[in-house]
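Take a look at the structures listed below.
Across the two complexes that follow, chain A remains constant while its partner is chain B and subsequently chain C.
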Partner chain A sequence: MADVSPDSDSPTDRGQLLLVTALALAVLLVTVALLLNTAIFTENVATRETTADGRAAIELRGEAVTAVDDLIETENRVGGGDPGDVESAVDAMGPLVDRERARHGTIGNLSRNGSATPGRLLRWTNPDTARPFDDPGASWRLVDSLAESRAFTVELTDVRSLTDPSGTVIENQAFGVRFVNDTAGNRTLYLYEDGGRLIVERATETTPPSQQCAIDAGSGTMTVDLSGDRLSTTETTVDCYRGLWPDDSPDAIEFRNGDAADGTFSLTVDDGAVPIADPDVRDDPAVYAVTVDISYTSQDLAFETTVRVAPGEPR
Partner chain B sequence: MRPRTGNTDRGQAHTVEAFIAALLLVSGLLFAMQATAVTPLSASTSNQHIENQQRALTSDLLSTAAEDGSLQEAVLYWNTSQAGFENSSEGGDYTDAGSQNAFLTRLDETLSDRRIAYDVEVRFHNTTGTPSVDSISMVDMGRPSDNAVTASRTLTLGDSATLTGSDDRSLSTVAADPDASFYAPDADPASDLLYNRLEVRITTWRM
Partner chain C sequence: MSRFSRDRRGVSVTVGYVLMLAVAGLLLGVLLTAGGGLLQGQSEQVVDDELTVIGSQLAANIHEADRLAQVAHDDANTTAATGSVELDVELPQRVAGTGYRIEIRNGTISLLTSNPTLNVTVRYPETTVPVETVDSGGQLDGGDLRIVYETPPAGSPVEAGRLEVRG
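Then we have the complex of A and B:
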């Protein structure tokens, strides 16, 4: 071993010193690396999600609901509204979900909980052709004995203009949709155009109309999504934050001052509801809802939920 | 004669010490380099950050694309006569970032601009015979690096879904036409509602 003592024979005998310096430098670098690594790892762990696999489970639920939602809408639109079709499609989807999840090392399950609920789909006889809402009369009841209703949209191609109207003028001249409730009282939404904007005002039996929502009318069709509390045009969408659909489930739905607007409508109601018997209104069988059980199991998480899928059902 | 204890008899010891010192220094340096991302492709703890960010980015991108319908538009952007995605290369898939449809444009703008390469694969069910899951490549930018991350999203196609390319027929019509083909078969031929469930899987890595 090299001698590093001061009285060494030669001043160049510094082997041990070099070795110790190298060792010290190496230890220093390793320490810095470890500290850096610890800091990075701590930050990494601190910013991770705390729930194990929660995102995957929620994603499965959301995706399954969307899929069943689409099946119902497609069946109602083009399939004849047969609940059996939706039931068999949901049943067929179950094994596919199983297989998909298995590839990710988790267990996923989608199964039908009971039969699909039948309903009725109400539209104009020519569903896509806009026409005035004044037949069979200026004000008329679309559906009665209503227990459940969903996906109520009105698409307006033309609506009466009123300039800075008073409450009485609105009630007598603006196009209205009335939600009749035998116990909680009626609630009416009035729609009119004022200065290039579609205005929605709400009135009850005891309170005069007050503005709930408004949207720039634009040049095309204006869609009033009553059950979704939204107004939209081809250019924009406005959320009305629970301002349109009544808090209490309606017993009947009426159109008021129907000569003040042209357009189309679509409403899905439960099977026991009694729609108007009129040649201009089409009453088709439809699927109202399907209830599905969704489960997701991974090493760290067991998630089970039952979801009633009824697209466009009010909150 | 007694050997001299001068400068000349320690050559071997010095050499060995120098080797050991060099070994220690290099080991320390290697360890330090391993802990930090010296290059984008080098494996390290800090790469976990980048991986997390990429996974979140890709996952969010898939969610928004599924929400606004552009994901479905992309998987249906198929040329039935050429058996490949519309305007794709000879292999039937895209080999570069492009803007052939809204989804691919979004991938290009979000990932390519950040110097992130990506592969997009579509998995689908084949229930003919023994049920299996097959896949097809939509975008193939090459072989992912060791630090690649994946994100996926599943979507359900109905029989009435229509192709978004030059052929705009419905999937059930295409399935009934012997001269046309779509990559995913009807997973539920007994029903007129459900066609198949597709899993779009994106693999991303830093270039």
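Then we have the complex of A and C:
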């Protein structure tokens, strides 16, 4: 028998092959384990939310704009439309936003950018009392020299019914709102009731009236949000998809065939506009817009924007 | 001589030993070769998977930055002020022990490694604001990235802005 005992002449030569191979296999197995670890980690990462919190930034912007929107609306409705009030309120809102965002571990900032823009709010003298649109005349110019206008709504309690009318009949008998533009031409929206539906048709100087929008009239007040391109009743709302407000900013706004409708209206215009001087039309000071800086900073996102807040401004 | 011819021990042990070594060597060689091949294949698969995930992460962040850039652009057009977005994207520097490079071009993110040689492409949804990389040679080293946007002058179309991806 050969001598394979440990105390032979070359005891350390034995098993080298096995040892080296075992080491190589060990390295292989460790590498496989590392690869497996990487694969598991990859699967884990693949199912994680890994994008920056852009949604929170957009939410902050939206909330800030809504808050300033409400501030302007409230000031115009009950506060006398003083731009100084809105400026003070926006200044006071900044620290509140900062504190609220700090609770979420992020930094939010809201600050005023310049002064608030003054404007005028036009309504009936008794703004909540519906009346015919025929005073001071069947057709009359509400405001002239317009640079900017927003939040133009007409609330109708009664509107003339026309059954399947022709273009000429509509132009002569239906209640209309005309957007006068000295360069791009006039655009008139005619409103009438037909078969229990409020119909809105649009005409230009070169094209006859064509239907833009309609809504079931219902039994209550019908609201035509001209700058928001919407019709609504107490039951429903219809989006008119930019079919109401003209593409080019109007220079003046007129009511046509005012004896064909009863209701109220509300329009906010820039400070340089010239409203009609009539005892039935009320012209109050208002805040037209305010510009605010909004910033959002988190661990992986810095977002800064400057927003001009003018509620009800046409899109 | 007769004693040597009768003694079979040395011959059988030596031959047996050599045979044993040969068979063991062959066996272990095959084992190592097969193991190495398996390792190579698995390694490529893992790198491919991880690069795909990294590409998807980057695509999602580009989309997010584009959304914010559009909001900032719309706001800036009505105020003539400047808006900005800075978005950090945390990505690993190495995948399965190997470095990689990132190339963003024409709505496609390419992730390239040299060992193993792989080119993984991930498409991202078309952005409103064009994307470009700020680097030399059109490629970025793998690792953390920053997507930067600044609104163009007021009145410019949204396409005039750039989502710059920086290494």
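Here is the rule we use: the second predicted complex is superposed on the first by the 264 of 315 C-alpha atoms of A that agree within 3 Å, B and C clash if a C-alpha of one lies under 4 Å from a C-alpha of the other, contacts with A are read in each partner's own complex, and residues count from 1 in each chain.
Here, a contact is a pair of C-beta atoms (placed from the backbone, for glycine too) under 8 Å apart; a residue touches a chain by one contact, two chains touch by 3 or more.
The structure displayed is predicted, hence computed values, not measured ones.
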* Looking at the overlay, what does A:Leu25 touch: chain B (first), chain C (second), both, or neither? -> both
* Touching A:Arg61, do we find chain B (first), chain C (second), both, or neither? -> second
* Is A:Thr157 touching the first partner chain B, the second partner chain C, both, or neither of them? -> neither
* Can A:Leu301 be said to touch chain B (first), chain C (second), both, or neither? -> second
* To do: Pick one for A:Asp293: touches chain B only (first), chain C only (second), both, or neither.
  => second
* To do: Applying the touch criterion given at the start, work out whether A:Thr42 contacts chain B, chain C, both or neither, answering first, second, both or neither.
  => second
* Determine, under the contact definition given at the top, whether A:Val97 touches first (chain B), second (chain C), both, or neither. => first
* Which chain makes contact with more of the residues of chain A, chain B or else chain C? -> B
* To do: Answer with first, second, both or neither: which of chain B and chain C does A:Ser139 touch in the superposed model?
  => neither
* Structure fact -> chain A contact set shared between chain B and chain C covers 1-2, 18, 21, 25, 28, 32, 34, 43
* Would you mind writing out the residues of chain A in touch with chain C in their complex? => 1-2, 17-18, 21, 24-25, 28, 31-32, 34-35, 38-39, 42-43, 45-46, 50-52, 54, 57-58, 61, 113, 291, 293, 299-308
* What does chain A use to touch chain B in their complex? -> 1-2, 9-10, 12-13, 15-16, 18-19, 21-23, 25-30, 32-34, 36-37, 40-41, 43-44, 47-48, 55, 59, 63, 66-67, 70-71, 74-75, 78-79, 85-86, 88-89, 92-93, 95-97, 99-100, 103
* Asked: Within the complex, which stretch of chain B touches chain A?
  -> 5-7, 10, 13-14, 17-18, 20-22, 24-25, 27-29, 31-32, 34-36, 45-46, 48-49, 52, 59, 66, 123, 125, 131, 133, 153-156, 158, 160, 187-188, 190-194, 196-197, 199
* **chain C residues within the chain A interface of the complex** => 9-10, 13-14, 17, 21, 24-25, 28, 31-32, 35-36, 38-39, 42-43, 45-46, 49-50, 53, 56-57, 60-61, 63-65, 67-68, 71-72, 75-76, 78-79, 81-90, 95-97
